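Here subunit A shows up in two complexes: once beside subunit B, once beside subunit C.
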Partner chain A sequence: MTTNTEPQSSDRAAAERAAAIAEFQRKDKWRRRLPLLPALLFTIVVTQIPFLFNIWFSLQDWKIVPPRGPDFTGLENFTEGYSNTFFLDAVGISIGMTTAAVLLSLLVGTGLALLLDRQFFGRGIARTLLITPFLIMPVVAGLLWKNQIFSATFGVVNAVIEPLGFDAIPFVERYPFWAIVTVLVWQWSPFMMLIILAGLQGQPTDILEAARVDRASGRGIFTQITLPMLRPYMELGIVLGAIYLLQVFDHIDVMTGGGPGSTNVPYFVYQRSIGGGWDFGQAAAYSIIVVIATIIIATIALRVLSSLFQRQETA
Partner chain B sequence: MWSTNRLTKAGVGAMATALVASTAFAATAVAQDRSINVAIVGNPQMEDIASLTPQLFTEETGIEVNYVILEEQTLREIVTRDVGAGGEQFDVVMIGMFEAPQFGRNGWLVDLNEFAEGDEEYMLDDIIPAVRNGLSYEGGLYAAPFYAESSFVMYRKDVLDEAGIEMPREPTWDEVAEIARTIDSDDMSGICLRGKPGWGDLGGPLGTVINTFGATWWLAGENDTIGEAQVDQPEFAEAVNFWVDLLDDAGQEDASNASYNECTQQMLNSNAAMWYDATVAAANLEADDSPIKGKLDYALAPTKLTDSAGWLWAWALAIPQNAPDKETAWEYISWATGPEYLAVAGDLLPGGWATVPPGTRVSLYENPKYQEAAASFADIYLEAMQKAPIDMPGLQERPGLPGIQFVGVAQFQDVGTRCTEQISGAIAGNVSVDDALAACDAIASEVEGEEW
Partner chain C sequence: MTLTARDKQLRGESRWGTAALGIVTWLVAALFFFPIFWMVLNSFKTELDANTTPKLLFEPTLDRWQAVTETIPGLLSFSEAFYNSFLIVIVSTVLVLVLAIPAAYALSIYPIGNWRDALFFFISTKFLPIVAAILPLWIIARELGLLNTHLVLIILYTAMNLPLAVWMLNSFFREVPRELIEAAQMDGTGLYGQIKDVMLPIVAPGVAATALLCFIFAWNEFFLAVQLNPVEGSTVPVWVSTNVTTRGMFMAKLSAASTLAILPVVIAGWVAQKRMIRGLSMGAVK
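Let's turn to the complex of A and B:
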């Protein structure tokens, strides 16, 4: 039995209920977020306030040796730094070093992961040994390679090739860039290997069996099933690897101490500040240029190229 | 949430831990006597005094000395940062003739004359005048010298005799280069020269070569500013090319990585026949436990267009303005750089009397035990220091405070290090000398016109 007045009052009641629910949901959201506030405040204080200081310093002319400033100069540090050839060299080296190290370690890591994917005698030991380079301190790894492996006087490599008739090659002095990339690849391949291994072991076995029943070749299985499935894992490895490898400092400091072929941006900024330049205003300006560039590149890379975020949205 | 019971227990536990920890802290604080923090560079003479400190100093005075032994570049960084920013980390820092007058001028160091003039045992007038002046600024002594040096050529007399070559006592660079190339062999390189980047590493000896070839880094500007960069001049290129070519033809392996310590090893292992470097190296090469003791002879720093070319340097101890305990710091400095240490150290050091820190005090050179152990080099050591051309190192006026192998302006640290990085790259064969010099010119020109 329907009456004419019921739809009106039920509308109002429904509207009131909707308003009450919205109000509750709004307050509920805040109640859920409140416990997170201390962590958020802490993060802001610890990361953003120093960043604001950094921006302020970059607008100053401030040197420690000889003592000068701080005097406000506006954007002069930026205009000077932007076209400084040594800074641009460092940017080139940074990009080159990161790209080379990430891609090569991904390649080596994937190869090692494929080898470790099957069961064999001593697999556990092999895996542990393969992970070890990643656990070594960067400074130690750099010195190890520089003095015990690459050195022209004491190094293992030259001890092997010299009796064969070749001249001793001082690797680190002659090829500083590739010497550092070699050490980085040695240290980061285990990292990539672990990520790819997780991906390989997550492969659905029924699809693989079906492919084998259909008499697909090993190579076919790899290129058509495994690789596409590994893509998100590889992307993850690339993103994480790039984030860390952009910041490489220790290896450069102990192996080459900077120098024309191997100064990347972090090392360059260090040199401009406390590493001898003592020009805090300029160093701050360089670091901000780097932050802006990184944000642009990272946004493009993560939003446009990566499939990581896409999978999240469909989930 | 947690019950009140658990909360109380947790609270009591926390308080108890805090109490125990604080008493432990207090206990350790009371148990210690005075202690000071000293930053020094890791050269052999410094390591020696660090190992003798407990026995000769701490036992007598009860002051514990916490040494922070660092490599040269790192030491400079840390000291400049700490002293320049008014830090309280160190009571005593070791600095060189480059920093002492500059830091004194900036007001960062304590004037040691206040302490030294009242201390008779310290014998301030015993210190060699050139060294004392090099560490002073406008009458104030800002660092007490630990050891001082010039530079000269050290060569294996036996190797040269076998080749029938004689080295003049005051050679020219052309003569030295020719001898080096003649005696160079696969087992023993003709000469060992520094190649490691750093204004105090490669920059030192190369700086003296630059001077004597008639070149310089900058002209002196007006009103205490840095003038025009002279890196693009032909004389500068000639000097750098000379150094790079000599290393290429007759130098040691891994040249671009070699500095003082590496060449010391090369000489001790008989892998190099000659070495142009600091005079203090003779102290270690002629030590009692050195395999080449007695086999060396010495020649003054080679010249080309100037009368003399040796450098002047001292490693010295200074007290930063904000040092927590200046009195104790001076007690330490007066022992470490005083005549008493020099009089007793020789008997206790493994290397014997030859390795005692040289070049600072006349009394050491009057000590018969030292005269005997250092007979082969003591005279030429002093001669090199006295002849060091501190007033006019080359052919032009330079900006800044006096300096031979460096330019006495603060900007030289940065320019010198970055330029020597480029030149070291040329020594390694990565870049051509011309490219390295072009980059160096760009670097040096950046600071033209700046005040020093």
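Let's turn to the complex of A and C:
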């Protein structure tokens, strides 16, 4: 603070200082934003521009085989698409497949993590073996299970159950939905296991010790201390799993090629557009419907995430 | 990380109980690994041995490995596919880190006002099914002359992994003590220096875990590769799928191709598994 005797110049100095502060704050804001901008711009350009194109395409009557259009048709693609029973089937498959795969993976993954969270001979090797399915390329996983595990003639499962008096079962052909879910659970349980294992290893031992001193039972410790502590990790696993499992495409492509009972929404949209349907306008309309539906689901999922962040802040 | 005898006692398990559970774990682990073991085994069989009732005993041969690595003119070869995959995956992973590290810094260290909204925007792009964007992507790529190029996959894999990377790194960076960065700033260290000399050494395990996940997802990606770059310039997953010809008859060859295809990621994952668990625990919720 300067001790200025002239009131006029003091006013001017204060105004200048205020302006300088405002200027500094404005610059500081941008200096803070600057590191974010490249990633933000890149993401907006690559992910949002195709979406804008899609909105335009969805309003066209546009087919490649046989060639027709593009002609503007307004919302016709939407009214037509919304009531298509095959589309509604695909929505059902998508919801069912994602729910089943995420929950089963979480269940199996938690079990595996609890098994691994103790000292025993060769623990590192057992963990290594258990992680491996997550690292396998989906195309390879699908082909491997279809041809070498589930196949009625060459498959290992049938080679095991046939001597027990069962008939050979062509699993993929007869139970396409559950065959695919099995492979998804095989691949994603290890991922859930990693997350839960991280949670278990972050458990403070002093609380466990206190519970022990108070003679709490093993089961009591698990349900009242371990499980609540694992909850945020489980939520994280569910959200991440759902993001990736909603988009499953490769497994379906190599295992059933989108046969009955296994066409989820991504595969359906693919079939309608560049996967043989070549009805670009209609496919774009389906994409828009899917995006709107996912935004609704995502809002719910993000609320879960946001509670995770809040916990992170208070921690 | 390792459990002490005290931990075991805390859990209230007897020595024999722990041993029994160890054996159960081993059995489950073997069951989980069995399909992969079986595939590797099949790759050493002749087609005759592979395409029959499953058998454990056979005369091993490297014949199918040789067949699968042979170059056939006009078809995507093993060496081309691996070269393309490594190039595309490494460049895109580096790009992801170059973009995500400063972004995560802006969201965590001196967070911008609405950092939460920005983070949500990044994550929300992961909810858009990629298949819903494939049509415009295909048309745009064709118009720009990017179909069947490395560049189109580099760009898309970067966009695909960026949200996950920003999110994970954001959580790691929140672990860095504020005082350290402020001290560096007092010494007049710039943003680049702060990130490189102060933060990266602390968050290195997290950055490695993030890079590994990006590497896995990009290496294994099939859909975009087969739609936008399906011919000679393509990647390993596409190469594997070209080995599926007459169903069943090439099972041993397909097994050899599959084993080769998963090897880089499996080895990387095995080496970095501890780091990944630490990375996830640091980044996930803590």
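Basically, the second predicted complex is superposed on the first by the 278 of 315 C-alpha atoms of A that agree within 3 Å, B and C clash if a C-alpha of one lies under 4 Å from a C-alpha of the other, contacts with A are read in each partner's own complex, and residues count from 1 in each chain.
Here is the rule we use: contacts are C-beta pairs under 8 Å (C-beta built on N, C-alpha and C of every residue); 3 or more make two chains touch, one makes a residue touch a chain.
Keep in mind it's a predicted model, so treat the numbers as computed, not measured.
Within the superposed three-chain model, A:170 lies in touch with subunit B and out of touch with subunit C [touch as defined at top]. Of the two partner chains placed by the overlay, subunit B and subunit C both lie in contact with A:274. When the two complexes are overlaid on their common chain A, residue A:122 makes contact with subunit C while staying clear of subunit B. Set against each other, subunit B and subunit C touch different numbers of residues in subunit A, with C touching more. Contacts of A:199 after superposition on the shared chain: subunit C is touched, whereas subunit B is not. In the superposed model, A:246 makes contact with subunit C only, not with subunit B. In the superposition on chain A, A:236 contacts subunit C only, with no contact to subunit B. Judged by the touch definition given at the top, the superposed model places A:15 against neither subunit B nor subunit C. In the superposition on chain A, A:296 contacts neither subunit B nor subunit C.
Judged by the document's definition of touching, subunit A residues 151, 153, 274 lie at the interface with subunit B and also at the interface with subunit C.
Across the complex, subunit A meets subunit B through its residues 64-68, 85-86, 151-153, 168, 170, 172-176, 257-261, 271, 274-278. Those residues of subunit B lying in contact with subunit A across their complex are 73, 77, 80-81, 84-85, 102, 106, 197-198, 253-254, 256-257, 409-411, 413-414, 417-418, 421-422, 424-425, 427-431, 436, 439, 442-443, 450-452.
Put simply, subunit A touches subunit C in their complex at residues 29, 32-36, 38-40, 42-43, 46-51, 53-54, 57, 112, 115-123, 125-140, 143-145, 147-149, 151, 153-156, 159, 186, 189-190, 194-195, 197-199, 201-202, 205, 208-209, 212, 217-218, 221, 232-233, 236, 243, 246-247, 249-250, 253-254, 265-267, 269-270, 273-274, 280, 283-284, 286-288, 290-291, 294-295, 297-298, 301-302, 305-306, 308-309, 311-312, 315.
On the subunit C side of its complex with subunit A, the touching residues are 1-3, 6-13, 18-19, 21-22, 24-26, 28-30, 32-36, 38-39, 42, 50-54, 99-100, 102-103, 105-107, 110-113, 116, 118-140, 155-156, 158-159, 162-163, 166, 171, 174, 191, 216, 219-220, 222-223, 227, 236-237, 240-241, 244, 247-248, 251, 254-255, 258, 261-262, 265-266, 268-270, 273, 276-278, 280-281, 284-286.
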